[in-house]
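Given below, in the form of structure tokens, are the structures.
Each of the next two complexes has chain A plus one other chain: chain B in the first, chain C in the second.
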Partner chain A sequence: MKTVFARLQSWEGFLLCALILIILVNSSLSPQFMTVSNQVNLFQLSIEKIIVALAMTFIIINAEIDLSVGSMMGLSACAFGWMFQQGMPSGAAILICLIIGAMGGALNGWFIAKVGLPSLVVTLATLIGYRGLARVLVEDRGINDFPEWFDALGQKGLLGPIPFANIAFVVLFIILYIVLQRTGFGRKTYVIGTNREMADFAGIDTARHKLILFTGAGLIAAFAGLLYAARVGAVRGDVALGFELDIITIVLLGGVSIFGGTGSLVGTLLAVMIVLNLRNGMALLNITGHIQTGVIGLLLIGSVVAPRLNLGKLLRRQTGPNMTKGKT
Partner chain B sequence: MKHFTKLTMAATLLLGTAGFATAEGHSVTLETGQEVNMVLLPKFLGILVFDQANEGAQEAHAELENPGELLFIGPTPENSTAGQIEIMTTAATQGQGAVMISNNAGDQIVPSALAAQEAGTRVVTWDSPIPSGEGEDVFIAQVDFGSIGVIMADMAFSILGGEGQMAVLSATPDASNQNAWIAAMQVALEDEKYANIELVDVVYGDDQAEVSYNRALALVDQYPDLGVIMSPTTVGIQAAAKAMQDEGLCEQVKVSGLGLPSEMLSYTLNGCAPEFALWDFRDLGYLTYFTAYGLASGQLTGDIGETFSAGRMGDYTIEEDPGRPGTKRILMGPFTVYTAENVEAAAN
Partner chain C sequence: MKDQPVLQLENISKHFGMTIALADMSITLHPGEVHAIVGENGAGKSTMIKVMTGIYQPSAGTILIGGKPQVISGPQAARDAGIAAIYQEPMVFPDLDVTENIFISDTSAGLLMRPAAQRRRAIELIERIGINLDPDRIASGLTLAEQQVVEIARALSQDVRILIMDEPTASLSAHEAAQLRKIAKTLAAQGVAVVYISHRLEEIFEIADRVTVIRDGAHISTKPIASVTADSMISEMVGREVGNYFAKAPGTVTDEVILQVQNLSLAGVFKDITFDLHKGEILCMAGLVGARRTDVALALFGVTPTATGEVTYKGKPARFRSPREAIDAGVAYVSEDRRKLGLAMPMSIRSNISLVTLDAFLSRFGLLNREKETAVAHSYRERLNIRTQDVDSEVGMLSGGNQQKVMLAKWLNMEPDLLIFDEPTRGIDIGAKAEVHDLIREFAAAGGAVLVISSDLPEVLALGDRILVMREGQQMGILDTSEATQERVMILATGQTALREAV
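Then we have the complex of A and B:
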């Protein structure tokens, strides 16, 4: 049984302390910070990104990267808009978008797992390709006037003031947490990320595993794209442009090593909370634009550098449940 | 919740008093010294024309002696849409009196703008409206975009002396503003007055200085009789003028279009770009501030037909926006055509 102090000495413990500090500062500087509507908005404004960050956590622990998620979100949102405009029932359009997401993700996975190309290259190509498709479908004109229930789902509270997307995030987090920390699939994700060759020798079908991960990431990105369309009630070719960088930032800040094998969803969740609270706090103090970006950037530099300094000896990053040590 | 009730009460009260202030056919003079906090939200930061709009708004802020705060905040270019939505949402949370936005988010801004209005924040758009008009109190239109075609045709006419070849150097092929303006110019050119002006080509410089520079030179090579390059973008016109100047072609080919006085000053004085047009962004910021102040302080209702006095700029009336039926606009005024006569004064 670990003591409280030992627990706080982990990277997650460090993030938790940082989060508490940020929340304290925010609530003392802004009277609106702790209101229910602001807390809901805080999540709502970035809800699609943080949902995809959950999938990205799996991908990066697996020692891969998926740069195409932002474009896939855009493609899904635009495909929905286009099909809706062509007169297709929205239920069917949603289903097709999710299928597009899974197929797009599977295409990434196929090139990476079966053909053996680096994920950086493959998903950079599909980042451009999926965005291109989105722009071809919708061009520069916006599409809006979606069905009322669709807009309401994205904009109104479902459970009291809490909108559907926030509930989806919580549910998805719980499911994925169980998968990553409590199942064989989760353990394999860590093992392959630590050393793929070793995993191959151990008889793990690593290609199949990666195919599943990328398919899942595509599916979740498409789902998040639909949530975005519902939240803003309109789509355009540039929907979710550049979101992949924010998503990867959050995951890395959460202590997931870019080299794979290390990290946890709890870390990602804490990083999500830190980034969102920091952004919101700055926005309430009217700090926007370049300064806001700069502060978040500094935070990332710190999170990448800190484990390499002496601090790294103090703050252990979590590895897979059945593993002794990460490779760092 | 308590806060919200207060706001609603305040809004009701304000609406009540405003009813008296707006007598039919009568110009409202805004009372100074009302305290309203407002946000001026550009598409993104770091663009000269938005800074100029801010100068105009600050001028009006001082003139109206508003003890409240005027904030000039905006997103970074790569985060424009999400950033604008975030600032709009935060403004509602903060209980700002008004948000003045040059909208870059299309209709994606609508839910947050509606939420802001619900929270009692007035939403005034300028430079670029909300396409559907939802969530928008009124749009301050810098110029009547329908007139832009005639303005460009007239400048070509005057530069060419009524006869010659013209080519267009635009932004990107899918820039909706520029495409609409070029189409408007083509319609204008059908008039008999311009019968001897030939539009030989439309090329695209992607709103990048270097690409535009090279496209302009390519046009001169391709059309030896070319008399004027018309560029309806501030990037294109400056790059084309520089290209003509660098290659010593200014005697042969003139440059015109939409440009910023501060950027075009030297080219206008040395004759490379003798005439160009634009609206004044300081005036746009000034008029936008007056409108938003009037609405947020409850002195204006924002109904069609309402007339008010906007300080040094005179009287303006809220009307239906012909480009977006069912929405409201205030038309700032005609284009300003800049020549060697007036460019220096505007450039400072």
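Then we have the complex of A and C:
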């Protein structure tokens, strides 16, 4: 019992309670809500952002930020469209896009880790730069007519009704969860985010670690950009414009501290589900998109303020001695 | 000196939990005097300054300003009472010019600033200090000494009656220091009471009218400068009984040299450090604040690879270029700054202990072996007597002494041959202190070599097989434990060259 109470007092526990509440309310609003197709559909409409949020979780735990992921998604999608238009086989085009993503991420990482510039500035610059490249390649006219298998990958179910992107997300989530929680690399991600100078003194190559992280983030963003192209079946210069802010919002809502060192992928996943289900529920109530966005904004402010109010302490004080046992 | 005292502390005490920082401290300042305060590191000088400048509230006792009891409720109240302090590291705003810096907190003119009038006043103030300084220069281009002049002018602009100078010359060149001492004299001649804190005894003989010795938070003596000698001052500074807590254990030094350092220098920081360190030996580096001992340690640990000189480690030339290289060679550096360089405070005891040797905890597929981590953490918990049940609890929740032990465990786990331990017992209670000392001795007895940096003289004498004394980046000498006394170490550490001949 102890651990159950302890877990419920954590941020993840709080998010889980909120999620269950939202799901209960939504279910009572509409019988269609809890169907597989609705839930799959919910995920699929934001799947690219959700995938990149996994990478962003690592970056923010590491006490950095990557603003360029949205532009990298756009660049990858546009590069694919352009190469396809030039007659390149789509398999090769996909490979090149992934390489572009890794190199773009490595460029961010090199400036941040080796040169020592703040990630906010570096990735703001590449946000502009990568978007510029995407627009140069495709301009605003748009490219479509991708091969049928490519479109099908994004639009049709692969495993029953579940499309490729959702499966890719699950696989990626499991791999990255293990990396973050169970490997030396994951441990170092937390340690460096907590105190980089201390990590240097403990002999950890923090520059190399950050280089790897940003390279990985670029790669995953490029992959997500391709998924977007496949799902929509067309690309334009403004693909994934502004996605980085939604992605960062989800990660912060999931309990990852903007100062680094704390948070988890489970928190990010719960935040994703809360945002999606909340939006869905509001849509069921015919609340307009703008107000929905406003509610998500309020939620984010609440998530940043709540830990400072020391909610756990308040809870414990009000619920008496048997709750106190939960925390050591 | 027959004038009304401008500031009196009467029986001031200051406690921090169980620690007594000031005990029954009394001191009287007269206008127009330079009043020097001397004492060892940790004697209570900084606490006293913080009480005078309103940063700390005394636990007991009275403060009289101009003969009237007064509470200095905060830094602003201290400024209103005419009390200002300048420190070794001046606080200036690098992008503002001299005039703007002087009047940074000046609100007398109301909401609107009057640059021309301020500039005129700045020139007056700088003249009053007796220095040439262009009021339009940008602060980032000023030398440290010039920045201090800016601070002094800022204090003067607020009609200062008591100017506290805390180690003002510690980072200055000889010429700049002389100039600053002249300023202190000039201001005293204008009626300001100058409190002058310095480790450089020769400075005190040059400018002080009276000198107060404090030790262990208590007032020892206040005498006119003419009636004290360097000798009498030093013996009053260290006067406590030695060896109350710490018995010197027999050493375990062998003939095998682990580390040989020759003429190790880092431009502008330290120069020509030369020593041998043997297997089984504990070498202590003693010195006052600013002696640059930590910088030497960082150079050995590969943090400042630009240092020059010859370092031989286990018979091979060893100039480590990064902490990783040093660690791989078997060198551990336990920092004096637990919070900044020592521990990941929000993380668990377990994951802190495994941090340096993370690769040793990896099982197949590169996964961390948590069972092994937990087992190792528990073994250190028992061996070092870390008082906690749960090795998964946050390090930040532990007491200072237990944090110190976790930090030591983290480095012992790499099984180092050379352990550099910077201020091993700073800020921990006496019981934990004795335990840490035993652990260091155990490590040496098991064949390790230890370099301890400590500002705690009794600790240095109790631990060290030999004692290397530094002063302002210079190696002043190496004393064998049989010939070392607190007085001898202090004489070297304060640079009493005349006396050194006699030692």
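Structure notes:
Assume the second predicted complex is superposed on the first by the 309 of 328 C-alpha atoms of A that agree within 3 Å, B and C clash if a C-alpha of one lies under 4 Å from a C-alpha of the other, contacts with A are read in each partner's own complex, and residues count from 1 in each chain.
Please note the rule applied: contacts are C-beta pairs under 8 Å (C-beta built on N, C-alpha and C of every residue); 3 or more make two chains touch, one makes a residue touch a chain.
Source: prediction; values computed, not measured.
Superposition of the two structures on chain A shows chain C fitting alongside chain B with no clash. The superposition-derived angle at chain A (between chain B and chain C) is 130°, Cα centres, a multiple of 10.
In the superposition on chain A, A:85 makes contact with neither chain B nor chain C. Of the two partner chains placed by the overlay, only chain C lies in contact with A:178; chain B stays clear of it. By the touch criterion defined above, A:190 lies against chain C but remains apart from chain B after alignment on the C-alpha atoms of chain A.
After superposition on the shared chain, chain A has more residues touched by B, the comparison being chain B against chain C. Using the contact criterion defined above for the overlaid structures, shared-chain residue A:35 touches chain B, although it does not reach chain C.
Legend: residue contacts after superposition of the two complexes on their common chain; A:201 is shown touching chain C, with no touch to chain B. After overlaying the two complexes on the shared chain, residue contacts for A:232 are found with chain B alone; chain C is out of touch.
In the superposition on chain A, contact is made by A:144 with chain B only, not with chain C.
In the overlay built on the shared chain, the residue A:45 is in contact with chain B alone; chain C does not reach it. Figure legend note: chain B and chain C, brought together by superposition on chain A, show a least Cα distance of 34 Å. Every residue of chain B that touches chain A in the complex is listed here, in rising order: 44-46, 71, 73-76, 78-79, 81-83, 85-87, 89-90, 93-95, 105-112, 115, 131-132, 174-176.
Residue ranges on chain C touching chain A, taken from their complex, read 303, 322-324, 326-328, 333, 335, 340-347, 351, 355-356, 358-359, 361-362, 366-368, 390, 393, 410. If you check the complex, the residues on chain A that touch chain B are 32, 35, 37-38, 41, 44-45, 139-142, 144-145, 151, 154-155, 231-236, 238-239, 241-242, 279-280, 283-284, 286, 288-290, 293. Contact residues of chain A toward chain C in the complex are 178, 182-188, 190-191, 194-195, 197-198, 200-205, 261-262, 328.
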